[in-house]
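To keep things clear, I will list the structure first and then write my remarks on it.
Order of writing sets the labels: A, B and C. Residues in every chain begin at 1.
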Amino acid sequence: MDKLYSLYYVLELAGTFAFAISGATAARKRKLDIFGICAIAFVVACGGGILRDLCIGALPPAGLTNWHYLVVALIATALTVGFFSLVQRLNHPVLFFDAIGLSLFAVTGAQKSLAYGYNGEVAVLLGITTAVGGGVIRDILLTRVPIILEKEIYALAALLGALIVVIGDHFKWGSGGWVAIAALTVCFTLRILALRYHWDLPTPGKNDTGSEKHN
Amino acid sequence: MDKLYSLYYVLELAGTFAFAISGATAARKRKLDIFGICAIAFVVACGGGILRDLCIGALPPAGLTNWHYLVVALIATALTVGFFSLVQRLNHPVLFFDAIGLSLFAVTGAQKSLAYGYNGEVAVLLGITTAVGGGVIRDILLTRVPIILEKEIYALAALLGALIVVIGDHFKWGSGGWVAIAALTVCFTLRILALRYHWDLPTPGKNDTGSEKHN
Amino acid sequence: MDKLYSLYYVLELAGTFAFAISGATAARKRKLDIFGICAIAFVVACGGGILRDLCIGALPPAGLTNWHYLVVALIATALTVGFFSLVQRLNHPVLFFDAIGLSLFAVTGAQKSLAYGYNGEVAVLLGITTAVGGGVIRDILLTRVPIILEKEIYALAALLGALIVVIGDHFKWGSGGWVAIAALTVCFTLRILALRYHWDLPTPGKNDTGSEKHN
């Protein structure tokens, strides 16, 4: 299991890297200054985990104590700013790593909540929070409706991943390692398929006339 | 007191239901997908309580651990989406339940803070937070200035309700039950009267010319 | 050191006062009602410290338990609303006190994190959070991109102040008092110089054509 853990850690840093690139790219497009770009990149990469740690009482949040995450986020930012036109062309690889980050954060978020002794509902909700929280904070800071609420199968993939972890834990299926790998695979595959085939969740009222007022 | 507690619990679920309807309605109007509608409904219903629990250290927050709230929020969402034109016509009943939710969350928020041993200021501030926090997060996610900051006597009613709980607790007026009922009544009545007679708080500078720049 | 502590406390209340004025001014310009103005003023003054206390587990947050902060914020609000045209002309004094608040909150935020036994990275990140968190929440509630992410050397000054505290603590330089005074001086001076000479951080892509789409 030690090898699996090391693999986890490397993949989690890869996910952090991808999330930070997505944050830095969005901030760069909004013409924030260099501090703002670093801040948004760090928030996307670590914000979800910080929210989770606040909710389970793992204080101070790991995203603040472990400098690896901060350094990875800053390196990702430097590369994004330095090679911006390249990063924009690399949209596909970035989405690929983003899907890895999504899967890993959903699974590790659910696992950490269970490890702290909380029930399955908490683990599923905080698995989703870990995976999508950073992106939601990014969109709030950039004053746009969080994209995960508007379209794309994104949070749903995280939900499935976290759910598999919780079900596997409940029924004590084999070693946790295999359940985690299954959860990662399902979440990652669903996300990649949704990207490839443009799967969206239904949007009630999409065909309404524009005459409704926002309330 | 056990009957009173059960009544509380039923009313709190009714408030959760009403808050979730208001969240689902707002999200539906903004054309979020079905996941986004569920997420906003849940956040409006449970967000205030989650903020309160983070502040008093009641971890993990009750909104995450008790599946009743989640299920009630999802049922409210399903009904809102399924019978949307009906729900829009039912604006008055929804506002009625919303006022119930506001009162109950203000009172139970203040009570829970006192029960955790915190002082009156904390109890009043967290009573307000419990009552209006979900609505504020909803408005942040939908990128609009929180409506409770712009107009309507809403948070003020919650403040009064929480304040009565704190004063009653300080002077040990009779059993907590009667104080709570008084607090609920005052908060609910003030909110309903404000709705009925369109009472607004004063808005300094309302008559300024539009030439001021936002800063 | 007791005199120093009292001085600290007075200066911290002065910073709270200045932050509350900046919040009340922004809310007044957006035509919020009187409750909304009080709420924004309180959030700007205490929001950063509340976020810090949530992260280090100092519950309930000091901003909620110590009524001095609330009263100072409400007095600042009353003065801002009552003498609005005067406050607008007093922009320079307000920015002066705001710089004092920024420096003090950065230094005390870092010190409190260290006092709770956390490492240097946590202390620096939470020093920044304490100093700029309130302003970020203000901008989120007013649905604008946080100004500190877009321009001006503001968070960077807070970062330097917090960093000096952490370095001084690490190397046990003399008494903590002198280190704190050095940190305050550097942070305050950098902020005032940045205001005076309009120093901005570089904004990558500032000269891009407007044809890029937000993503």
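As a convention for this text, a residue touches a chain if its C-beta (ideal position, glycine included) is under 8 Å from a C-beta of that chain, and two chains touch if they have at least 3 such contacts.
On a predicted model such as this, the values are computed, not experimentally measured, just so you know.
What rotation angle superposes the Cα atoms of chain A onto chain B, in degrees to the nearest 5?
120
Are the two sides of the chain B and chain C contact the same residues or different ones, given that same means over half of the numbers occur on both copies?
Different, since most residue numbers here occur in only one copy.
Centroid of chain B to centroid of chain C, CA atoms only: how many Å?
Computed from C-alpha means, the inter-chain centre distance equals 29 Å.
So which bits of chain B are touching at least two other chains?
Residues 54, 57, 140, 143-144 of chain B each touch two or more of the other chains.
Using the touch rule from the top, collect the residues of chain B that touch chain A in their complex.
25-37, 39-40, 50, 54, 57, 59-61, 64-65, 67, 70, 81, 84, 140-144
Which stretch or stretches of chain C touch chain A in the complex?
Residue positions touching the partner: 54-57, 113, 118-119, 121-122, 125-126, 136, 140, 143-146, 148-151, 155-156, 200-206, 208, 212-215.
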